[in-house]
Amino acid sequence: MPDKRSILETFENNYPERDYAITHTAPEFTSLCPKTGQPDFAEIVLEYVPDRRCVELKSLKLYYQSYRNDGIFYESLTNQILDDLVAACEPRWMKITARFNVRGGVSSTVVAEHNGS
Amino acid sequence: MPDKRSILETFENNYPERDYAITHTAPEFTSLCPKTGQPDFAEIVLEYVPDRRCVELKSLKLYYQSYRNDGIFYESLTNQILDDLVAACEPRWMKITARFNVRGGVSSTVVAEHNGS
Amino acid sequence: MPDKRSILETFENNYPERDYAITHTAPEFTSLCPKTGQPDFAEIVLEYVPDRRCVELKSLKLYYQSYRNDGIFYESLTNQILDDLVAACEPRWMKITARFNVRGGVSSTVVAEHNGS
Amino acid sequence: MPDKRSILETFENNYPERDYAITHTAPEFTSLCPKTGQPDFAEIVLEYVPDRRCVELKSLKLYYQSYRNDGIFYESLTNQILDDLVAACEPRWMKITARFNVRGGVSSTVVAEHNGS
Amino acid sequence: MPDKRSILETFENNYPERDYAITHTAPEFTSLCPKTGQPDFAEIVLEYVPDRRCVELKSLKLYYQSYRNDGIFYESLTNQILDDLVAACEPRWMKITARFNVRGGVSSTVVAEHNGS
Amino acid sequence: MPDKRSILETFENNYPERDYAITHTAPEFTSLCPKTGQPDFAEIVLEYVPDRRCVELKSLKLYYQSYRNDGIFYESLTNQILDDLVAACEPRWMKITARFNVRGGVSSTVVAEHNGS
Amino acid sequence: MPDKRSILETFENNYPERDYAITHTAPEFTSLCPKTGQPDFAEIVLEYVPDRRCVELKSLKLYYQSYRNDGIFYESLTNQILDDLVAACEPRWMKITARFNVRGGVSSTVVAEHNGS
Amino acid sequence: MPDKRSILETFENNYPERDYAITHTAPEFTSLCPKTGQPDFAEIVLEYVPDRRCVELKSLKLYYQSYRNDGIFYESLTNQILDDLVAACEPRWMKITARFNVRGGVSSTVVAEHNGS
Amino acid sequence: MPDKRSILETFENNYPERDYAITHTAPEFTSLCPKTGQPDFAEIVLEYVPDRRCVELKSLKLYYQSYRNDGIFYESLTNQILDDLVAACEPRWMKITARFNVRGGVSSTVVAEHNGS
Amino acid sequence: MPDKRSILETFENNYPERDYAITHTAPEFTSLCPKTGQPDFAEIVLEYVPDRRCVELKSLKLYYQSYRNDGIFYESLTNQILDDLVAACEPRWMKITARFNVRGGVSSTVVAEHNGS
């Protein structure tokens, strides 16, 4: 996990006096099911209100790609992404929405949120 | 009903210190009309905030499938699914939305909610 | 109007201890314009939280069909359906949404609501 | 049936030297099921290439409305509408597409065509 | 403007004891740009809670048509329609939403609201 | 299989002198996977040009329902439905399109056609 | 009509050695019903293969606007637009598709085509 | 930046006594990425409640076009547009929503808001 | 490549006397760009008319998954999948449609077809 | 124009023995109107059957971007893109479809095609 976190880069927020919201929607997320080894596919939506640092977009893409061959459960994945991104940019508020494709006739979504103060 | 409940399995919530939401959408639900014996079709949406236990996805699918040849009314079905899932994982909050296909030119939805504390 | 109301049947709510919501959507409603005699077409959405009685679905369909050759204005229709259904099942809350097709380049919706206590 | 045909009016085609196509789409058709007396709902699409006469639009609407309280099967309805409209305006080509709403979980479409020469 | 207002007709609200909402959606509105004389096209949505009078639908259509060859700005148009309709039926609440088509690559919406008491 | 075929009923085609097309779309088909016993879900589209007999709609619904607890592969199912319906009404032309829901991230469609002469 | 035609301007086709197709879609067409004086609304689609001249886009817009206060039937309108545009640019092939909004619950489309040689 | 601001023009709000909302949606915004020089594409939605001045629509279009060959980051762009428009018309409330196209498999949205008092 | 082909399994076609079509749509395909190492995402549609053998669905899924960490160009990928599947089941006809996600603002589709005789 | 053509790069077609089709869809094309200097926006769809050379995707993107500040008419743009791409890769068949955004209430599409032999 420290390795994953080291992928994430940030840059200075030039408008810290204003609360404003940034959303990055990544429909091409894929990881592996830890039970079966089968690929999972998801859309990850990151929403946050920056404090002093913003998440750099290309490093975010590489961070998501680092899960490509990892086995991880839906619930852990969502919470871990939130924890890593909070650690990276210490936002005022952040939410991760992970929408997983149909498996066994059921699609799943996990939503986790962080309040910075 | 005890038999149905025994199908449901749970696993430990690894992030109990955080309130987060899980949604499982199952568009392939089918049961029978208790009056006519004709098949009913529905989409069942389960939303919940876990406390100590999460619902295991494969057991949820098998639980839904156990209704395949049961005769049961819309209102009872929705409330019974809610009661069984609450009993299984004792969530902080849970909601069941059951959307039934058109019958006699009318489609129906039943929504029931549980607050855990 | 007493005749219309006598079409509606109800059954006992088996989950009176819980506030839950039922929606019946009927896209095939038709009546007549009282001015011109021309057919009107609408989608009627019934939403309610039952108290002791639920509306029986087949009787609801027949109730709607009883308007087929009646001349009635949009506003009266919506309020009358609400009054009849409230009288039939005495719900904790009920809402009728009637969406009428385009006439003279204009489509119309009327929404009326009842609070049971 | 002679009565129904007498509802249809036509007007002179001012561009008989050119083959061109006219489509009238009527999503508000309703008649009754001859077995059960229950209402049927359909969208009727009329397409034709006029010869010397065009179908007058308001009379077409009244013609469709004349089925409101008639009991008639899907297949007969479609062919009868085609026969009546062919008799009324003797087109070079005509097609009737009737799309019926879901009944018993099944929706139906009937398509019949006439070649004028 | 008095002339425009005189087009609007109202009828008595038969359910004044209940707060209910009426929406009329008119996607065929057209007026002229006061600068260029070019036609503007808009969808006008009227929502209101009637008090003692309801807006008669056909007169509403004629009222909208009276703008066909008038030059008027978006903001004035929306507020003027609201003022005229408030004057005509003195509603408990009313909202006008005017959605204008793309001009110079930009589409516009103006929303104005009135509270009756 | 003889039992399934005996469910299908037909009625006389009143317009045998005209080639016309009938489509019945059934989005609520369900059977079982013969390998795993898991439910399969499909939409079955029947298109045909009748000769002397038409397929009776209610019997078609019951015929489809007879597969509810049968284990059968996609390819066999589609061809068997075609064979049974051809045997029942001896059409001039018939096509079956079976669209199966996602399994293992893959959705499938099988299309089979019969020419009557 | 000569006046309308004089609005249309053309420019030289720089690629006359190649058959290629141009489509202009105008969703904001409006004229008047010659019977009732009520506004009609349509989308006019012009498709053509130019020969030596192309239709200038701004003049096309003005040509369409010239119908704003004219009373004209659907069938005449479509054929007249085709005749005017053929006269203006003498194309190798041209088609006009006019899709009219719902009137009396029925929407209409008229399609007329010209072959240049 | 002073140059950009000088492009924006305003006109007097004729209805200052009423709080009402104006939305301008511009789906054709394009600028350059300051890192790579590659074009970025966005939809810019401006929503505001005017005080004494409204934003003139054509000048808004020219203002947006002035970014065509500028290199600027998503977050700066959104906040700068908000600052410029607030300076130009001093609104009671204003919000800018900038939706950027997919880059590296990720689409982004930035939302910034201003309260006038 | 021999390894990939060995993943594919087939089963006997029980209806070889009839030409019928099978489609398998796989929206979760992913491989790597051979130049940049970045992930590519695609939907692969396989359509074919079987001769003596059908493609087994689970082996098809595993075959597609075998590309997960391979670097391969769009054009080669599509043709190679076609060659492998033709070799595996020797169909009468087969088509592969590969729809790739947006890269650099451009989405791509490659379609290749095989005729068996 | 020679400069533009020099941007385009190609690579060897590894499957020249098979006729197969490649489509590249670029929804982010922008150029300038030669009359007004205002930006035009279009989606350019390139479809072709390669002979010995395929169009390299990144060079195609750069080629499209080279029009960003050029003034050019719709018809010339489409034909010139076709000529440049035909010159670059000498395909067996090629088609360019250019869909331009609404201007003055009218959207336009130009389609040009080349046959290689």
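Letters A, B, C, D, E, F, G, H, I and J mark the chains as written, and numbering starts fresh at 1 in each.
The rule is simple: contacts are C-beta pairs under 8 Å (C-beta built on N, C-alpha and C of every residue); 3 or more make two chains touch, one makes a residue touch a chain.
Please read all numbers here as calculations on a predicted model, not as lab measurements.
Engineer: Looking at the contacts, which chains touch chain A and chain E alike?
Structural biologist: Chains touching both chain A and chain E: H.
Engineer: From the centre of chain B, which chain's CA centre is farthest?
Structural biologist: Farthest from chain B by mean C-alpha position: G.
Engineer: Rounded to the nearest 5 degrees, what is the angle of the rotation relating the C-alpha atoms of chain F to those of chain J?
Structural biologist: To bring chain F onto chain J, one rotates by 145 degrees.
Engineer: Between chain E and chain F, tell me the centre distance in angstrom, where each centre is the average of that chain's C-alpha atoms.
Structural biologist: That pair's centroid distance is 52 Å.
Engineer: Take the average of all CA coordinates in chain B, do the same for chain G, and state the distance between these two points in whole angstrom.
Structural biologist: 56
Engineer: Would you mind pulling out the distance in Å between where the CA atoms of chain H average out and where those of chain J do?
Structural biologist: The mean C-alpha positions of chain H and chain J differ by 32 Å.
Engineer: Counting only residues that touch at least 2 other chains, which ones in chain C make the list?
Structural biologist: Those would be 28, 38-39, 41, 101, 104-105.
Engineer: Return all touching chain pairs.
Structural biologist: According to the stated criterion, the contacting chain pairs are A-B, A-F, A-H, A-I, B-C, B-D, B-F, C-D, C-E, C-G, D-F, D-G, E-G, E-H, E-J, F-I, G-J, H-I, H-J, I-J.
Engineer: Considering the complex alone, what residue numbers of chain A touch chain H?
Structural biologist: Interface residues on the chain A side: 13-15, 18-28, 50, 54, 57-58, 60-61.
Engineer: Across the complex, what residues on chain A touch chain I?
Structural biologist: Residues in contact with chain I: 28, 30, 38-39, 41, 65, 68-69, 101.
Engineer: Mind pulling up the chain D residues that touch chain B in the complex?
Structural biologist: For chain D paired with chain B, touching residues are 38-39, 41, 101-102, 104-105.
Engineer: Flag every residue of chain C that touches chain E in the complex, lowest number first.
Structural biologist: Interface residues on the chain C side: 74-76, 78-79, 103-113.
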